[in-house]
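Note that the chains take the letters A, B, C, D, E, F, G and H in the order they are written out, and that residue 1 is the start of every chain.
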């Protein structure tokens, strides 16, 4: 991408960090307002998609290599499941967060935050992966 | 008051939609969709005030965001995708 | 919305179709907001208008943006759809009217959430409480679905496409 | 303490291992892990079955929330039984899978194949065990999505279109299902099965509930490929990798049937609904059509996998027919056929997988003279085929016995005759293969062929012998099926 | 004061409504894609600004206002960017704006020639 | 008349659903099918959400001074369902891409035509 | 480094603005988030003067109101045209050289032009832009070069060191 | 060894044999020795049950429950023992014959042949000892399946065709009719155990009984009642030892055996004799009897002629059963045995002719008796037995049947028997005549030794049967 897209480039450089922050904000404020892990993941990923759109897939791949997205993808599920396992190990049922802390509320809160984070991780990972694959194919085709 | 605004927005949406349907080029549609997105943002915000629960502006933000990224993606797509719309390419380099 | 849907049927330019489906999704989101489902609207906005559209565009770029001309009109789908629709309309006849606070769904399970969730779980957003705690298991499933989709896309069109291409050529049709 | 957690472990174990295989990325390691997991689930489900048989239905509250508010797991006899089928087939197929997968799936996708396999297993287990109609939908989708991927991993390009068609029809089915669930929810306000079954009688006369039943049934029938809705199945089974075919053919549709049982008998309270609303007759008609139409189509197939795919459609007809009798022996016949058909189809498709491994194709022509070239493989396939026909000493006979009995009990003479006739159609298509394998000469230019590797033969024969064992000694399986049928018919207790 | 703010916000809201309507009409009436962009611009800028400002006034100094402010900020950054991106895409695809065919003055002609040369140069590289 | 207005909402939703459904089953183009599927599903979601709405209710986020909340449960369900929907879409699109690679077209009837020609020949040649 | 810090700071403010909740737990999360984002941004290589223009002076604060006013004027202008029964438009494409030094400046200028209805930046190449204008009056506004000057002012004394970097 | 263990052993022996044979496939001598040894052991085991049964013992054995309430059970009663005795004894002889035949023809896949043979025998014995209808059905089907590879042994298109007809008719009748009948019986009676006097008495209406009887009679396709007789001629493509197995040792015998067993133990003679609507069976079997004989007259292919003869002979048994007189039942039982010996002799002879001269048509057999005196001698004895001329086995059985028919006043049956005897003579005697009194063609000698031994033995058996019918007669009498 030559400097043809200078407008896009500059603006998106400006915007990407705030978008990511917004994503994380949504992630952690799901308790209070609308939103939660899923939406946060999507927003976070969309920041990344924007980056990939502007700076190209290759750069995007450098910033988020395959192993990283893969790890995000997997660890989100693992985190979610793990919270469940831990809670059942601690004597509650599966996904019974109340036992995670001394206080029911604190436990629930901790649990919810953790699993939402897991959701967010997976979703972000998934979205980035899917997008990059699609876009990567596109590039590959152009090269042909 | 807000309802008047909401009504105006709805009418506008309708007009914009007409453009989106009529085309005639892809770009007109994109333009229309983009405006439509803005209108949606406005509508949601206004509706929030209409029902006295204006806290949900986060949604509006998401819309703004998605609208932006969506349009960028779209225009990038029509620019670089190998599927330029069926426009006779008489002399592409000329303005 | 109906207009959007209708024109979706008629449109042949796939690109326009994708744009319209984006609009459709936006409209749906507005409706969600109107119906108090802010979380859902949030998600629909992000997903329907955003991710889906982008993905569809990617696919269009990889395939083609024009649909072939209309084929012969076949009545069968129309019949199926009419029957299904009629069945649904029939089903609506005994439904509680829209927005009726006395409808059964507002009296069996939901009140518990509304009244107790703050006490039992904590967060003021009831949707979050249900999503993450009461029905946390659904959410686990949901996460898994997303995981499945991503892994599936990886499996289908993931990298190392070059190699795949070769193998595609070497054995195009197995039993011919 | 672990004991109490078994039900959840059953689903969560494969679920959590799926990401691990994704991270591992090593085909062999992924296989090993998956193998361990599937056998573990099998063990667990066996012990759960014992537990259920001993002490009745197991209920597990997820997240510690009581039933209508949270999601609960309910494992009754039918569920435990189906779960044993699914995990058993899964573990056998997986033991068998390594070589076959290496051959049929691109190498760099193998670990993803196992990821998908685990997810599919998760989904199926989740469906079986859950006591919540919406949760069921979620797991249905997990299993469906992963099976779309699994199918499209086949090398033939037609696998792709097959998977796509499956995706479209499967999603329509799932959407119908949620429409149905929505309608039910609208009238009752709950999603819990037990709760629903308690609340539905009060509103059973409303048109909404009737429509809900219709939508649920159609949606599930799409998934289970009941006759006019089966269009996705033959191609999907034909072009999917053999392992996938073996697994899906013997589990996925079975689980869908299970869902139908759950909805119709547990949620809607069975007898009244079936008889009152004419569902019974519709299902019966469809099942009979399936049995005949699909078997007839099967006779004309040249691709053996496709042939057996159509035969699956026909066999699903048997199962549904059994259910549609709404009598104890009928439902028991359905359930037992569920089990039996899983075993025999698994054996057949695994056998075909061996053939693919060695010959490269499974058209009738490829099978020529195969009886002498791959005696063990063909032997197992023929055993499976005999079972399909319903020759005594095989599991197929047991199912047929009960089906006919159920028909006669209801004085449905005609249907008994039809059942018997349709199994004669099975003779024809099975015998086409037998003749090709044993009576046709080996093609002259055929390359020398070895018998399939022992790692594949062993699981194959375990299944083949199982189909004989359970044909000879069906008391255990039958008593479970009869118990389950009894429970389902009398109040549909979970 | 209360009253004043109310009136101000009403005016803003009404004005915004009028402007978005005008923008939409422009979107319909204007002859080609490039000129329509101006119509869309009205919606994005004036309309949105006024409406949001009206809402801000209603909300007073709360989180809501802050958020609206952020939204406006975001909009002001993105809206021209998207418009530009779109225009570029259209141009690159060979879409040409309708122009008044007789150039008003010499300067413009010269400018255009220059432009054309530059285009050619670019297309070579 | 009252019943009519109460149900009118649902009827619109039903019409929408059926349009989506019609697109899915009548269209030949694979992408359009997926779009149709989306429309179908989204309409179903709207149906769910409209179930949960209570007249005069408010979004189910607890706040002071608000008494009536709409039913949050459908929202939760639909959140999940949306995710499932997008997952399906992604997979469907990926499949479409593969199909395009393998066949060079994404029109169903053309694909069928391509499939039938060789596969009809093969058995004839063999038997 | 300084960019990273300032980005962190800006993000911190943003977080507080968005969140409005000052609980320790959430603040900690916010802090963590910011660190993560800075790291990612670093990876993405978007932290530089373009991505985070701290050097833009306070003059921006003066510029924006002016711009807003311009926008209003232009809006009314275009609105008139649109509502005019004859639709008296004379679309033209102009070529303009921007006087700003940095690309950031160009972008600012271009965006400001687009933001004012009646003119749209079609193309920006090394400070040379094509502008599509709807009416003669909107052209006039451009040809006076006032906006150009003002943006230049905002850009401030952009240092050449940064200038070199960006063309790499 | 207790009788129970003996039953077990008798059935397991051929299975073990089959396994051993398949392992010994590479060494023909070992393989054939095993076959013979197995056959002998099995015969010994079966025979050792004889005294026990004669003493009135009914040793039984329950292997396990196949379906709830439906065990796989065995019980030795006289009829079954008779059948088992015949089958196991003829297996020995047939094995000897097979060895000669198969070696002389250099047949391929001999191992499979012997394995399937052993399996078929195992099934036969299991059928013979079956304690209930389910068990019988199970092994009935096993017999069908295990003989299929034998029928299609040649692997040619013709063999395939024959195999199709064979399997098609046998499976469709058994699955289509017999199976239904069994399930239905079970539902009516709550059991399918073989019980003296029947299990249906007083449990079902006359119509139902009639339908059931029809289902059974036609469902037992192995009894080759018209119109389900076509599999027998079709199966003639098989090697001669297989034909012998089908016609004499196992398959058709299993069919008629099942019919007798069903009539006696499921319906009960008393039940049927008071029912007016069982007469049709008589007519059908009579019709089959005559028709098959007439068709046989017109066959030039020797084996086909024999096949049609079998069809008609089987109908003797069915008819004898249908007469429902105690004596005729005895006759039916005896005829199973008599026909077995006679027919195996005939087939052995046909095979022997084919082995040496490759002649298959009746018209080619002129003067062959001079070149192959042993063979044709045996053939003559067999033919006489078929006709029912003393001193052969056929006479005794026919005599009992006639007696029974006369006793119960079934004049029609008497007429049919007499007529068919004439027909039998009509299609057998010309062969014998031509073989011995026409001029010979071709140059060849007597058949290989094992073949000659085998057919001599069976011919001798046929004659001995006439003089010492005691063994079988006693058993048959116990039946009543």
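Everything that follows uses one rule, which is that a residue touches a chain if its C-beta (ideal position, glycine included) is under 8 Å from a C-beta of that chain, and two chains touch if they have at least 3 such contacts.
Note that the structure is predicted; figures quoted are calculated from it, not measured.
Among the remaining chains, those touching subunit D and also subunit G are A.
Note on connectivity: the fewest steps through touching chains from subunit B to subunit D is 2. The chain with its Cα centroid farthest from the Cα centroid of subunit E is H. The most central chain, judged by C-alpha centres against the centre of all protein C-alpha atoms, is D. Our note on geometry: subunit G versus subunit H, Cα centroid distance of 102 Å, whole angstroms.
The distance from the centre of subunit B to the centre of subunit G, each centre being the mean of the chain's C-alpha atoms, comes to 21 Å. A separation of 36 Å divides the Cα centre of subunit A from that of subunit D. Taking the mean of the C-alpha atoms as each chain's centre, subunit C and subunit E sit 32 Å apart. Of all residues in subunit G, those touching 2 or more other chains are 14, 18, 93, 110-111, 121, 124-125, 130, listed in ascending order. Subunit B has residues 30, 55-56, 58-59, 61-62, 65-69, 72-73, 76, 78, 80-82, 85, 95 in contact with two or more other chains.
With touch defined as above, residues shared between interfaces to two or more other chains in subunit A number as follows: 4, 7-8, 11-12, 14-15, 22, 32-35, 38-39, 43, 46, 49, 73-74, 77, 81, 84, 94-95, 97, 123, 130, 133-134, 137-138, 141. By the touch rule above, subunit F contacts subunit D in their complex via residues 17, 21, 24-25, 30, 33, 37, 40-41, 44, 47-48, 51, 73-74, 77, 80-81, 84, 87-88, 91-92, 95-96, 98-99, 102-103, 111, 115, 122-123, 126-127.
Taken together, the subunit A residues at the contact with subunit C in this complex read 30-36, 38-39, 42-43, 45-46, 49, 66, 73-74, 76-77, 80-81, 84, 94-95, 97, 104-105, 108-109, 111-112, 115-116, 118-119, 122-123, 125-127, 129-131, 133-138, 140-141. Only residues 64-68, 72, 134, 137-142, 145, 149, 152, 155, 159-160, 163-164, 167-168, 171-172, 175-176, 179-180, 183-184, 186-187 of subunit H touch subunit D when the two sit together in their complex. Subunit E meets subunit B in the complex at residues 9-10, 13-14, 16-18, 20-21, 23-25, 27-28, 33, 36-37, 40, 43-44, 47-48, 51-52, 54-55, 58-59, 63-64, 67-68, 70-71, 74-75, 78-79, 81-83, 85-86, 88-96, 115-116, 119-120, 123. Interface of subunit G with subunit E (complex): residues 14, 17-18, 20, 68, 71-72, 75, 78-79, 82-83, 87, 89-95, 110-125, 128, 130, 132, 134, 136.
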